[in-house]
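Below you'll find the structures, each written out as structure tokens.
Two complexes are shown next, each including chain A; its partner changes from chain B in the first to chain C in the second.
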Partner chain A sequence: MRFALASAALRRHAARTLLAVFGVAVSAALLLDMVMLATGMRESFREFLLVSGFQVRVTPKGTLPFDSEATIEHAGAVLAALRAHPDVEAVSPILGAQVHTLRGAHALTAFAVGIDPAVQGDYKLLRGADVRAPERIVANEPYFQRTGRQLGDTVDVAAGFDPQFRSYAGRRALVLVGVGQFYYTAADQPVVAVPLATLQQMGGPSRADRVSLFMVKVRDGARSERVRRWIEATFPKVTAISTETAMQQVEERLGYFRQLAFILGAISLVVGFLLVTTLVTVSVNERIGEIAVMRAIGVSRAHVVHQIVLEAVALTVVGTALGLGLGLVTARYLNAILSDFPGLPAEFDFFLFQPAAAWRSLGLLVVSGILAGVYPSWRAASLPIATTLRREAVA
Partner chain B sequence: MPLPLFLALALAQGGEGPATPRPAAPAPPRTISIDERLAANAGLRVGDRVVISAAAGGAGDTVVIAAVTRRGADPSDVARDEYRVRLHLDHLQALTGYGDRVDRFAVATRGPGAADRTLRAVNDVAFGFRAHRSADVAVGTSRTFQVVRRFHRAIGVITIVASAIFLLCILLLKVEERRRDVAALRLMGISRASVVTSIVIEAALVALLGSVLGTAVGYAGTLVINWHYQGVYRTPLTFALVTPGIVAFAVGLSLALGVGAGFAAAVRLVRTPPLALFGR
Partner chain C sequence: MTGEGSGTRDEGRGAVVDGSSRSTPGGPPQHHGGTEASASHHHSRARDTGSPPLVPRPSSLLPAVSVRDLRRDYRMGGETVHAVRGVTFDVVDGEYVAVVGPSGCGKSTLLNLVGVIDRPSGGVVAVRGRDVSTMTDKEATLFRLRNVGFVFQRFYLMPTLSARENVELPMAEAKVPRAERGARARELLEYVGLGARERHRPSQLSGGEQQRVAIARALANRPALLLADEPTGELDARTGEEIIRLFGRLNADGTTIVVVTHDEELARAAQRVIHMRDGEITRDEWRVASGERPAGGPPPASG
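Moving on, here comes the complex of A and B:
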């Protein structure tokens, strides 16, 4: 009975109800998007950092990974000491450098990582073989597209360029043996991986026994923060960054997006609440006589309150359900916009659907819909029956 | 890529002797300038002596802080929590072992024609230099802000749709509330056109007053936003701005919605028989 009455009240002004549902849907979509932005960025970055299971990054003092050209000296000794620590399961040394692939008068500049293939965590091999021998090279798809090379081809690669004499230094003939998907580089950036020793030799004396970064995997059960502190205490010329520290730093840099998400999410919640409150209040005002008659023939206050709250909940639930779909579509569009950030890895998402967070936020909107029905229903249930009936009859 | 430099505070008092006494009469220490952020975080002032080196823990030079600089309003600096230290070119070259090298030259030319000639002259020489227009470099480095701008526009469209629906609902309801007034006016012989006009004017006035109030709230919001983010990022950059164009757009949209909603609802009301509006 209550459901039928609530449904009839909403259907009486179909255009108005549709407009309100659409308004709630847009508010819900915006709220969902903002929750996806606020929580997704953090989770996406965590997944991104832990994609290969390394919890600690060791960089030259005061720098972030590949933030500058600084390198860590005596890399061999540092590597041996890190691997000897009982809490450390694996250490991946990485040297980053610009390399030039030469073809006639043209050269393609790519980012190269010198890695140890046994423990590397920078890429996933999609096709072919890994860089198990010194003169081997794995590249990503953009590299193959821009050079026009194929697996098995030999490429002429140089590690240095003197612009004054237009001459290349540290040249090597390397064989393309594999196609890799690199986790930490921009989606459209050509990237190659070569054995660490090969890249160090190509870089000459300035790169000998040096790396840009160590990635450290901590054993199960061991605390990465303890390992991080030990590294910084043992090696004064490096900075050790744990996943939590890195996330904190990124959150500081991208804090703007979280705050924007919070503000817009709160606004959409308030707009949804006000919309439903206004609509139900006006609807109740229009039906004051009808409600007074119901009360006069013995319908209880609780029944009236229940019916009006049901109207508010119906508007909110239907709007929220529509908003869920709308929000997912707009989140995809907004994510595509932010994916164009220069240098952003393809694996990184700004908008990530986190079921728990999404349901919580949409649940909050439904609760706000229930609250939106409380005031008008309380007002309707508290009507003085006789006075209202007389006033309505005269009117 | 930026070169990392490392500063160690030697003596926090300006005007006192160098960090390490030297037997012979020492050359006066070189001077550097640091930015406000470093000065505030490290408690440094003009006249303080610090040691700077190219590598962490490496031997460095004792220098005197000659100036504390304020950052310009550069959006690319906002999210970078880094310090800026300026040295004399030869000093930095010696300190980093860079030799007689520079990363780039900035060239000021006389007029646009001279800029083109200079570009051609530099790019045509045998040695491997490449000259770029500052405007082209700016386009290349401003991609981040273009992305943020597109994102803001997309978010703006969603919020405009949400607020437009809200406004439309409110105005429709407001007109609907006038059912009995309209019925009375029609029964008194007031023409349909007059009733519609009065309702549209009323809706337009409500929309206009709401827009003026919204503009005031928006302006106050920009003051809070700028105060907050300028403090967080320690920059003079303006983060939010209410421009005449934005005000015109907001007021225009609000008026259009108000007039449209008022007109649609008023026409519907005047077409309904007055007694039906009374519920008879």
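Moving on, here comes the complex of A and C:
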């Protein structure tokens, strides 16, 4: 009977109930999006760093990966030393450089990574073959689109350009053998991968035996922080950044976003609470005479409280369920907009659906809905019956 | 039964009754007086069918209601209003009592106090020998559920429930099994003449029909006492007469009724009329002798 009465009370003003449900849905969607944003950027960055399983990045002293043209000298020796460490499972050397693909009078500038195909962690091969031979090249879709080339074509690639003489240096004829998806570069940026030795040779003496970055994979059970400290102690001219360190830096930089998301999420929670409280209070005030009569004929306070709380919970649960869908759609849309921001890697997500965090926040909203029903229900159940009936009769 | 402190003349019988008139020879009829035969008949029916009676039967020799020096004061605009001032009377089982008087004389307040939906400022109300004036809210709620049926001037049916669901509501609260309460609700609606309209919502019923549903609801848990506050106040004369006849039939079937009214017809139908003014009983009169009490047909056996 309580369910029937609660359901009937909500259906009595269907339009109003529907509006309230939509209001709660919007509130829930905003809350979900803020939770997805607050936790999503951090987790997305972690996934981004760990996508290929490398936990430590080794860069020239005082730099971040590829934020300058600085390189690590004696790369061969460093590589050998790193690989010899018992806690290290794999090391991927990477040289980053700009290359120019020549086509008649025009040239397309692309970012190139010189890698060891056996251990590389920069891209996923989508089609074709990897760069197993010196004159081979793998490129991403934007490269193919902009050059108009196809797999199997030979491209004329130069590693240097002298604008004064308008001449290209370090030219090589390379065969396009594969299509790759690069993790760490912007989605629309043309990127190619060539064997490390090839790119070093194309760069001339200034690039010989040099790399921009080592990515280090630590063995299972070993602590990456210990390896990081060992690298910095052993090689004074490098900076080693573990995923944890990087995450700490990201946390510090994203703190502002997280606070903002937290505040907006809290506001949406309060708005949802107030919305349900207001609607249920209005509904109770309209039915105060009925409630007084229910009490007069022997309906308990607990029944009245249960019935009204049920109404609040029903509003909140239905609104939250709608909000879940709405929030996911909104997050996807916003993510698509933000992912198009220039310079961002394609793999990076701003909104990441994490079930535990999502259920926690939506659970909190449902709890707030229950609390929203408690006040008006208790107020209704506590009204003096005779006085209320007398006032109703006069009204 | 008496209006103590104001010796009253039993106009219907030409006798003056005093505070001890319940046992006074020639006093007001005890419940089983005029309807004893029919009540016995119904008891027999109930025993025969193994079912409880549809409407409540007097079950003890205790007064249905015993009111002693009852007072109710309100604070209104900084002043104390004495709505009920030291009222004393008894209502015995099976009695049909009308409380009349001008607006604001305290009759509805008196009814609320007897029905345990208000608390007295002083004095005692006992229903079936049990002091209800000191009950906790929980006890009072349970007491109302099991012992008191209310009928209001404005019907106050749940607009979203059908007639049958409205009648079922007190039974659901009393945890009567679904099938049983459905059957009893149908029987009660038949009893008040609305068997064919059990699925109708209040908005689909006339005022008189709504009031009959409200009466059926009041009888749902077989209360010892039926209290009605201006039950014909919102009805036209013809519909009001239907309700008056229904009350008469209920009383004839053994229901103890206390009704507050301005309706002279309704008051005339009662066996006894308590007149109030300024919170006090000014007169307590017997309108009909026990043998002339309104008689109704036997109620259908309950399921």
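Following the convention adopted for this analysis, the second predicted complex is superposed on the first by the 392 of 395 C-alpha atoms of A that agree within 3 Å, B and C clash if a C-alpha of one lies under 4 Å from a C-alpha of the other, contacts with A are read in each partner's own complex, and residues count from 1 in each chain.
Operating definition for what follows: a residue touches a chain if its C-beta (ideal position, glycine included) is under 8 Å from a C-beta of that chain, and two chains touch if they have at least 3 such contacts.
Because the structure is predicted, anything quoted here is derived from the model rather than measured.
Asks: Should the superposition on chain A be reported as showing a clash between chain B and chain C, or a fit?
Replies: With chain A as the common anchor, chain B and chain C both fit in the superposed model.
Asks: Using centres of C-alpha atoms, tell me the angle at chain A that chain B and chain C span after the overlay, to the nearest 10°.
Replies: The three centres form an angle at chain A of 90 degrees.
Asks: Does the superposition put A:A118 against chain B (first), chain C (second), both, or neither?
Replies: It touches nothing on chain B or chain C.
Asks: Is A:T278 contacted by the first partner chain B, the second partner chain C, both or neither?
Replies: Touch partner of A:T278: chain B, not chain C.
Asks: State whether A:A4 touches chain B only (first), chain C only (second), both chains, or neither.
Replies: Once the two structures are laid over each other on A, A:A4 reaches chain C alone.
Asks: Is A:V26 contacted by the first partner chain B, the second partner chain C, both or neither?
Replies: Only chain B; A:V26 stays clear of chain C.
Asks: Which partner does A:A173 reach: the first (chain B), the second (chain C), both, or neither?
Replies: In the superposition, A:A173 touches no partner, neither chain B nor chain C.
Asks: Using the superposition described at the top, determine whether chain B or chain C touches more residues of chain A.
Replies: B
Asks: Upon superposition of the two complexes, what minimum C-alpha distance (Å) separates chain B from chain C?
Replies: 8
Asks: List the residues of chain A that touch chain B in one complex and chain C in the other.
Replies: Common interface on chain A, chain B vs chain C: nothing in common.
Asks: Taking the touch rule as given, give the residues of chain B at its contact with chain A in the complex, in rising order.
Replies: Interface residues on chain B, with respect to chain A: 1-4, 6, 55-57, 79-81, 127-130, 143-144, 147, 150-151, 154-155, 158-159, 161-163, 165-166, 168-170, 172-173, 176-177, 180, 229, 232.
Asks: Show which residues of chain A lie in contact with chain C when the two form their complex.
Replies: Going by the criterion above, the answer is residues 1, 4-5, 8-9, 11-12, 289-290, 293-301, 303, 384-387, 389-390, 392-393.
Asks: Can you name the residues of chain A that touch chain B in the complex?
Replies: The touching residues are 16, 19-20, 22-23, 26-27, 29-30, 33, 60-63, 67-70, 162-166, 236-237, 249, 252-256, 260, 264, 267-268, 271, 274-275, 278-279, 282, 285-286, 330, 333-334, 337-338, 340-342, 395.
Asks: Over in the complex, which chain C residues touch chain A? Could you list them?
Replies: 108-109, 112, 115, 117-118, 137-138, 141-146, 148-150, 152-154, 156, 158-161, 165, 168-170, 172-174, 217-218, 221
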